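Two complexes follow with subunit A in common, the first pairing it with subunit B and the second with subunit C.
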Partner chain A sequence: MSGWVALGQAAVALVAGGVVGLFFRGLDRKIAARMQARIGPPLRQPFLDLGKLLVKETVIPKTAVAWVFSAMPFVAVIASFTALLYLPLGPFGPILEGHGDAILVLYLLAVPALAMALGGFASGSPLGVVGAQRELVMLVSYEFPLAVVLVAVAWRLTTLGLAPAFSLGVMAQHPLWTMVGPLGIIGLTILLVSLLVVTPAELAKIPFDIPEAETEIAGGLFVEYSGTYLALFYLADAVRTVVMAGLVVALFFPYGIAQPLGLGGAAAAAVDLLFWLAKVLVVMVVAVTTVRVGMARLKVDQIARGFWWRITALALSGLLLLALDKVVTG
Partner chain B sequence: MGLSAFKRALWVFHVATGSCNGCDIEIVAALTPRYDVERFGIRLVGTPRHADVLLVTGPVTRMMAERLRRIYEQTPDPKAVVVVGGCGSTSGVFYESYNVVGPVDRIIPVDVYVPGCPPRPEAIIDGVVKAVAKLEKLGAKV
Partner chain C sequence: MSERNPRDPNDPVLPAVDEVREVELRGLEAGLGETFEVPIGPIHPALKEPIRLTFRVRGERIVGVDIRTGFAHRGIEFMGMRQGRNLIQVLYLAERICGICSVSHPIAFTQAVERAAGIEVPPRAQYIRVIISELERIHSHLLWAGVAAHELGFDTLLHLTWRVREKVLDILEELSGNRIDYAIPIFGGVRRDITPEQYPKVWEAIRYYRGLQEQLLDAFLNDPTVEARTRGVGILEPKEAEELCAVGPTARASGLRKDVRQDRPYLAYPDFEVRAITPADYGLTPLGDVYDKIVVRLLEVGQSLDIIEKALENMPEGEITSFPKIPALLAHLKKAEGEGLGWHEAPRGEVIHYVRLVSGDESLLVWKVKAPTYSNLMSWYPMFEDQEIADIPIIAACIDPCICCMDRVYVVRDGKEETWTKEKLLQLSWEKTRRMRR
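For the complex of A and B:
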């Protein structure tokens, strides 16, 4: 594939990713409102919010480390959008396939969190610093189970002789569900559950919204951000939601419906792309929207202990079951 | 994009300057499913830096005056101030009290007054919508 084609695809994917991310954020707010018996904002509300934030004045506080404070929103946006290019998008493989693997996606997902934390530290506000510290505590808590899930899937693919196993494209083309025994299916289910628990933490949504925690630390790491910079974080957050849900889909639900329906050509690609979007939406609603409506914010120590002991143990037991499955089935 | 952007996406910050919590509860009532201001794009935010409109309640006690001024200055432009309740509008029953330096318009410029003790949520929503008109007028001047 020539460089220009890849560039064109990347441009389309980035623009579409931003639009889909914001649209899904609108759906998320609408569905959450309906769950609370409210009417809720219109679906285009995130676009309106973004447009308004771009009109507002952008304040850089005198006490802030100005260059870090201004650079971090851009880092967050760039990393979120780059992660999109390494994600299998329904019928299409990752656009930058072969230039980076699942480990890179893990890092790209961690970069916006780190950028927000750095921005919080640089904001010169004690509330921003508290939020940033909480973000880091949460980052070191959920990264391990997240990595365990990814490594478990990749390792099982390797034992089945599929390479390169750490490529998300390969993972998406070979769903493990039908390739492992009953023990493996139990293991995969456990891994899926731990990944679904990690998802809202990764996105810092209720009950894991301690870094922002508007009612206790006044927006935490975003406390001093306004105008354009806040808009950039808003956009990064929307895109990261799609990336994280897309990662769950790529690892566990990469199936298409075009083949069973007997479609071919462009129609197949269109149907599969829509189906992929629907799957991403379902994952988002299950892992983010319902959870954030149904739960209250957890405490910092509850999150740290919960991830380090419970969710890590859960993910490791999933890994162990996959290993046992390998021993049993050979 | 002009300032009409504010019409459907207004973020509100709530400042309590020594209020009795009556007006504050009514502001929260406007967020509940019964009134649901989120359907108009109105959102309560946690920091003045994110805000377009300041909802100020209370007669402004001596200690809060400096904080109120700072919060006003921390809010990025363009912004509007809505005073909610009789205390904020006139200092109410605390008028010329030894510890009260208000009403609010002695400390910061005010755009909309919502009288009442406490005002109904409908009145607060109406006040916020009037503040949008002020923001749009600002836009016409620019």
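For the complex of A and C:
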């Protein structure tokens, strides 16, 4: 594949990723509204929000460290979009296949969180500082279970002789469900549950939205951000939602429907792409929308304790079951 | 891109913070790390009205709090005492002290004036006042429950609770013509009767809420995340509640059986034998935390339903006012001389109105209002002690503060705050009495 083709693909994927991210955000808001017996905003509302933020004045507080404050929105948006390029997009493999693997995606998912924390610290607002502290506590809480899930899946693939195991493309082509025994299936289910719990934390949605916590610290990290910078964070968040849901799909539900339907060529690609989008949407609704509608916001110590003990133990037990499965099935 | 500096010392909006009440820290956390200030308010998403809370925090833990009021003083008492304003005009002002307790203040105010002027209230009017005020309690408690859920980040519960609340607002509109500011009490009675056609509608609303009560209790009290956020948070010990003179659900959640309807029954309340509700009535040991305050308020919705039911069943026939003609009422009030105290258990607690009338003047000479939040404000100090930043909104909300109702003048002269000591206030009040006697 020549470099120009890859560049073209990347450009299409980035634009589409942004549009899909914002559209899914609209769906998320609409579905949440219906669950709360409200009508909800129109589906295009996130686009309108983004457009409005882009034309608004961007204020940099005098007390802020201006260059850090200004750089962080760009860091966040670039990292989020880059993570998209390492994701298997339905029928298509990752665009940057071979230039990095799942571990890089882990880091790319952590970068926006770090960027937001730095931006919060640099904003010079006490509320921003509190939000940034909370973001960092969250980061060290959920990253370990997330890493355990990825490592467990990759390790099991390695034992089956598939390489490079840490490539998301390989993970997506070889769903583990059919390759492991009953113990392994239980283990995978546990890992899936842990990943679904990590998803809203990674995206800082209720009950894990403490870095922003509107009623507590008035937007926390974003309290001093406005205009273009806030728009960039908004966009980064929308894309990160797709990436995170796409990661769940790639690890656990990479199946297509074109082959069973007997389709081929362009039709197969189109059908599988739509099916992939539907899967991402379902994961988002299950892991983000229903959870944020059905729960109150937790406190930072409750979240840290929950992740360090319960979710980490859950993920590790999943890993253990996969290992036992390896021993049993050989 | 423009620049601004929110912490400019010359910024005229806020007076500088000089003292923050330090609270004692327990255990190891004392002496760990640096502290810094987190300002909450006067404008903040967690506060529905302007008040400034400055917290000194160490990490996420609150080590000190300073409360500043005075951002929303409207001078209603002053307006009411102006010459040339008759008492019926002042009644409209009293109605507008609080949008949520918009029948509690008129009930207390009319009682005060009736006591001062020696006016009798017909029994039917008393029953109607009770019914409207209990309906108001239902709407206010449901409103509070929704706000509390929102402060916890549980917006679904907010939307569902407020949807349920619409029914009681519909009934109030049916009975009074308004969703809020019902304009029902007038000196010597009420302005509108409850007609026979309206009874079935009220009964239907009672059945509606009876059917929902279990569901409502279940949604709030059995939700694990709500429990995680409210159990053991913002504890007000019974002793503290007593010493700080907390009133209403704030005091009752700490286990004090304190309710004006029980302690000093007025209007038709002796007929209903109201008993103050504490969490013990739900089978819990009162702890005085936010959870208990939810329990008390939700149980009081049921209590209000009981009272309305009883009132509808035993409604006496007869006149609804002892002064059907307004000019006659005004003439009587103009002749009246004396002072009177009126009280009422508003949804937030005890509200007291004091008036003094002089013969030959249709205006009030003195009008003093004590809103429930004024009594409850001090209980914030022990409640905030040693809590986390995340608990601030729900603790602030748990006394159901009504800032505008209780706000007092706050003097800032030449950029300096003035502290008004007890001695100075006494001095001022003596001077005023002397001026008035002249």
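Here is the rule we go by: the second predicted complex is superposed on the first by the 330 of 330 C-alpha atoms of A that agree within 3 Å, B and C clash if a C-alpha of one lies under 4 Å from a C-alpha of the other, contacts with A are read in each partner's own complex, and residues count from 1 in each chain.
The rule is short, and it goes like this: a residue touches a chain if its C-beta (ideal position, glycine included) is under 8 Å from a C-beta of that chain, and two chains touch if they have at least 3 such contacts.
Being a predicted model, the structure only gives us computed values, none of them experimental.
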| item | value |
| --- | --- |
| Fit-or-clash call for subunit B and subunit C when the two complexes are aligned on subunit A | clash |
| Touching partner for A:G51 - first (subunit B), second (subunit C), both, neither | first |
| Subunit B versus subunit C as contact partner of A:V223, first or second or both or neither | first |
| A:E214 touches, of subunit B and subunit C: first, second, both or neither? | both |
| Partner chain in contact with A:I39 - subunit B first, subunit C second, else both or neither | first |
| Touched partner set for A:I60, first subunit B, second subunit C, both or neither | second |
| Which of subunit B and subunit C A:D28 touches, first, second, both or neither | neither |
| Superposition clash, subunit C versus subunit B, among 74-82, 182-190 or 344-352 | 74-82 |
| Interface residues of subunit A shared between complexes with subunit B and subunit C | 36-38, 57-59, 127, 214-215, 217-219 |
| Footprint of subunit B on subunit A - complex, ascending | 29, 33, 36-42, 45, 48-49, 51-52, 54-59, 127, 212, 214-215, 217-219, 222-227, 230 |
| Contact footprint of subunit A on subunit B as seen in their complex | 1-3, 5-6, 8-11, 33, 36, 38-41, 45-47, 49-50, 52, 74, 76-78 |
| Parts of subunit A lying in touch with subunit C, wherever the complex brings them together | 35-38, 57-63, 125-127, 129-130, 133-134, 206-207, 209-210, 213-219, 293-302 |
| Subunit A partner contacts - residues on subunit C that touch it in the complex | 1-7, 36-39, 44-46, 57, 59-60, 149-157, 159-160, 163, 223, 225-226, 228-229, 388-393 |
